[in-house]
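Presented sequentially are two complexes of chain A, the first with chain B as partner and the second with chain C.
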Partner chain A sequence: MAKVTIDGIEIEVPEGTTILQAARLIGPEVAPPAMCYHSKLKTSGGYCRTCLVEVTKGSEKDPRPMPKLVPSCRTTIMDGMEVGNKSSAKVVEARKGVVEFLLLNHPLDCPICDQAGECHLQDLSYENGTAKTRTDFERRTFNKIDIGSKIQLHMTRCILCYRCVKVADQITDKRIHGVLNRGEASEISTYIENVVENDFSGNVIDVCPVGALTDKTFRFKSRVWFTKPMQAHRDCDKCTGKVNLWFKGEEVLRVTGRKDQWGEVEEFICNTCRFDKKKTSDWTVEKPAPINHHSVISANHYEVFVKPTEFKLNVVKPLSIEEKAN
Partner chain B sequence: MGRKILLKHIDEPGIQGYDTYRRTGGYASVEKAVKTMTPEAIVEEVKKSGLRGRGGAGFPTGMKWSFLAKPEGVSRYLVCNADESEPGTFKDRYLMEKIPHLLIEGMITSSFALGAHTSYIYIRGEYFYIVNILEKAIEEAYANGWLGKNILGSGYDLDLYVHVGAGAYICGEETALLESLEGKRGNPRIKPPFPAIKGLWECPTVVNNVETIAAVVPIVNDGGDAYAAVGIGRSTGTKLISASGHINKPGVYEIEMGITVEDFIYSDEYCGGILNGKKLKAVVAGGSSVPILPADLILKTANGENRLMSYESLSDGGFATGTMLGSGGFIVMDETTSIVQNLHTFARFYHHESCGQCSPCREGTAWMEKILHKVLHGHGTLADVDLLWEIQSKIEGNTICPLGDAAAWPVASAIRHFRLEFEEYVKNPASIKEVKHYYNTQLV
Partner chain C sequence: MQLTNRAQQVVQKEMTLAERLYLPAIFAGLSITIKHLFKKKATLKYPEVKREFAPVYRGQHVLKRDAEGRENCTACGLCAVSCPAEAITMDAAERKAGEEHLYREEKYAAKYEINMLRCIYCGLCEEACPKDAIYLTDRIVASEFTRGKFVYGKDVLVEKMDDRIDVSQRKKHYSIVNN
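And then the complex of A and B:
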């Protein structure tokens, strides 16, 4: 076990934990935002630079601070490390810069984007960005392409987090989906608009933090905040069959994987569950799904339920009810 | 005449071929190494020599070698970084083209020191004609028993391959180079782990510049102390400088570390002064990535001492009044040069070469180029200059690999030292057409 202090809060975590994981154990108030890191995908993270933190003390043995800001999702903790996240002016400034870079070519078409309301980029920019843009250049655009009959790729909105590339790489076979070109011209694509035919290809939609990959069976059906997510399951021979159903009235508008507190998929689901089982009778409905604390849906009835974890409760101030509502 | 170590026999006719090279004492270091020395002893000599990485960062080579992990039963690799893509740098090309055997010899000796049995020379795609030269040299080395199985009866085996890149600047970054060598997209890896622990095919790997590996040859031949005796302070030995720009004698020069910059620019032995007797305006001392310095600061440091060609002296004063030796791409600009135009060219390069993995570099380099294009063509505002400064500060240090820094430093230094010129471009767009240039520093 190793002790690490993040924003003045001390926590003891196993060796090999990353700073981000340790911060998440303390709670959402301390956890740096992460756009490209996904706990279920190996080698994800390090690209978006939103989770940069300042290491003010390297470790007990070697107390020198790290010269540069480090990506918390890819930096493992050392015993005695001290990390500044929101308490570090350098980090706040750098994060503001990263948000600006991410929004530089983003179309900001939230009013017509299906992801609005559960978009990580929206949350990130509300919390860390500025209200004004400083660019007046034309934004980068791409044509929409269909990768398969059920998934649409709208590259214009993409922030190149590489999560879908990791999904294609790690949970689907015969990978034909990746990044073309380089630099600012990089685009996620399948080679020559090839169709991704795979039972698990639908998961690229769930891992996409923005509205770049969307479910064609759900597009423009409803704003997410008009739907009610319920946990449900079914017997599936390909996946665990544990999903969230998004109801509008009695109708199931879409099926997604269950996401944890950080908006990351808990278990990947197959395309049959996702695209073909859209009747309530296909499913055993369990209970209302817990919703990410960022989601606009949580403004109504749903609240985050955080399990007490093993960290030292005495050093973490429990949230009051007013704070939770915020 | 300054002392020459790497280019000692450069004027020998036929030095490109094996026979002449061998006659002038070539491959002696291999003989000495495998017959009389242990790998540890060679690493020790390199440490003693004080040799520092010649690719740009200037990290002590001996220390880098001693970091190499040596787990039991895992192969180790030596990779030579011949992906020389820094604008303004062409010393490795010269070395490989003129004395290919020096690199091959250095590779064999270094591989022996590191215990590598397979080594690679990763060369950029644009150097296709040098590939043939190297291939021929390797063939000759094999034919004469310097490569292959049981070298000189010592029981040491080594295979050496040349791998041709596709011509991407980013593949000069060591982890991107390894990715490319593995046949993947040349994207830098996130460090740690460093290549010395997990490099090529997850095995411990050392990546060294061409010139660094070539310098191992004289170090093994004459000993680390003899090499350390040349140069000044912690900048030991000689350095190849690629001189270009407005000078009378552009080319590759081997200099002893510690000669003055003034001497290098104006003496007949080296650059031979500014072209057409014009005045010196600015110098980029170590390849396009390092901060540009105005004439007065490149010749004298901020506290009035002579600026020397060495790692320490050039970086004296930090980035506020100093620069870096970098890869030794010495670009001289005379009074007619437009800094804004020059910066736009650099920014365009970095925009084109950014790999696109991490957001600050991908978006920032493109943004800076667009703003500079605007300023250059007379549509800029004063706010744009401030914005440029802001953008570079948000890129620097926040990216995965040093390309972000490399893109940010020239912008920062150009605005720091030549802000008036930017303001003039903004305030009097009409004057740009008259090719008038403005300075806020003294010409020399």
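And then the complex of A and C:
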């Protein structure tokens, strides 16, 4: 076990834990944002630089600070390490720069994009970015590539987090899509427009933090915040069958995997569950899916309403017998 | 307990001669009436005379087109989610090849309805709109005989090309407020 202090909060974690995981154990107040790191995908992380933190004290044995900001998803903790995330002015400044770079080529077509409302890049830029861009250059454009009838690829929105490539590598048994070219010219593509056909290929939609890979069967059907997520399950021979159904009225518009507190998929689901089972009768509906109170998806849903406490019962002390007599 | 000092005690005293004549009281009342005849009137003779509206008056909505006549609205739903009265509903559709002259972006509102009876004319929809598409105007919503007719669809809301609606005053006002 090793002790680590993040933003002044101390926590004890096993050796080999990364700074990001330790921060997540403390809670969302200190956890750095992450675009490319995904807890269920091995070797993910280290590309996007949004989780940069400042290490002000290396360890108990060697208390020198680290010379540069380090990516918290790839840096393991040392005993006695002190980390500054939101409390460090350097990190706040650096993150602002990272967001600006991520948005350099992002088209900001949120009014059209189906991911709007559950997009990690929207949250990231809203919380850490600036309202204006300084770039004068044209944003990059691509020729449209059709990668099948179920998944829609918008290469202009991609931030090259490699999550979908990791899914193709680790979840599906044969990878037919990856990143082509290098640097600014790199792009996600199926090699020579191969159709992505695999039982678990649909999971690239769920892991995509932006709207680059979206569900074609849900395309322009409804905005995310007009649909209501419900947890449901069914017996599936390929996956666990635990999903979120997105209802509009009585209609199931979309099926996705369940996501945890950090917006990362809990269990990957198969394409049959995702694309072919769109009737309420196919599913056993359990309960409304928990949605963050601050998310736009919970707008106009009142299930999280907290009743104010009864003033009289809890605040006003009941009168004693002598007081009543007076 | 006395709240004000305006309360008067009721007394049944005998009226004086002037009071018993009633005429002074009648003339006092008439003089007030006659004075009002020469004052400026508070009302206008609508529809011959129309009152001047503030540049930000919030009346009937308009869905704007751009300079080339393409609809600005992309059915992003921000107006509907910001609407406190839940008066706006919409259905989106994908623009097909050959429709580029009708819709500005690849998604457009196939159906766009505002229930004018639900609407409280707060103007949050025009504030939320990222595409310069919806504006409230100084037009007054016409009266109808049935409630159903107050659900305005795209046929009423989208501005006609031969009858463009000027919202430049409004835009100017908002740019002053926002910056």
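Simple rule for what comes next: the second predicted complex is superposed on the first by the 294 of 326 C-alpha atoms of A that agree within 3 Å, B and C clash if a C-alpha of one lies under 4 Å from a C-alpha of the other, contacts with A are read in each partner's own complex, and residues count from 1 in each chain.
Rule of thumb we're sticking to: contacts are C-beta pairs under 8 Å (C-beta built on N, C-alpha and C of every residue); 3 or more make two chains touch, one makes a residue touch a chain.
Quick caveat, the model's predicted, so the values are computed rather than measured.
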{"item": "Fit or clash between chain C and chain B when superposed on chain A", "value": "fit"}
{"item": "Which superposed partner A:Arg219 touches (first chain B, second chain C, both, neither)", "value": "second"}
{"item": "First, second, both or neither for A:Ile112, with chain B first and chain C second", "value": "second"}
{"item": "Which superposed partner A:Gly183 touches (first chain B, second chain C, both, neither)", "value": "first"}
{"item": "Broader residue contact with chain A after superposition on the shared chain, chain B or chain C", "value": "B"}
{"item": "Partner chain in contact with A:Ile171 - chain B first, chain C second, else both or neither", "value": "neither"}
{"item": "Least Cα gap, in Å, left between chain B and chain C after the two complexes are fitted on chain A", "value": "21"}
{"item": "Doubly contacted chain A residues - partners chain C and chain B", "value": "none"}
{"item": "Residue ranges of chain A in contact with chain B within the complex", "value": "45-50, 52, 68-69, 71, 74, 93-94, 96-98, 100-102, 104-105, 134-135, 137, 159-160, 162, 178-179, 181-186"}
{"item": "Residues on chain B engaged by chain A in the complex (per definition of touch)", "value": "168, 170, 185, 190, 351-360, 362-367, 370, 387, 393-395, 397-400"}
{"item": "Complex interface listing, chain C residues touching chain A", "value": "74-78, 80-81, 86, 92-94, 105-107, 130-131"}
{"item": "Contact footprint of chain C on chain A as seen in their complex", "value": "109-112, 116, 219-223, 225-226, 296, 299-300"}
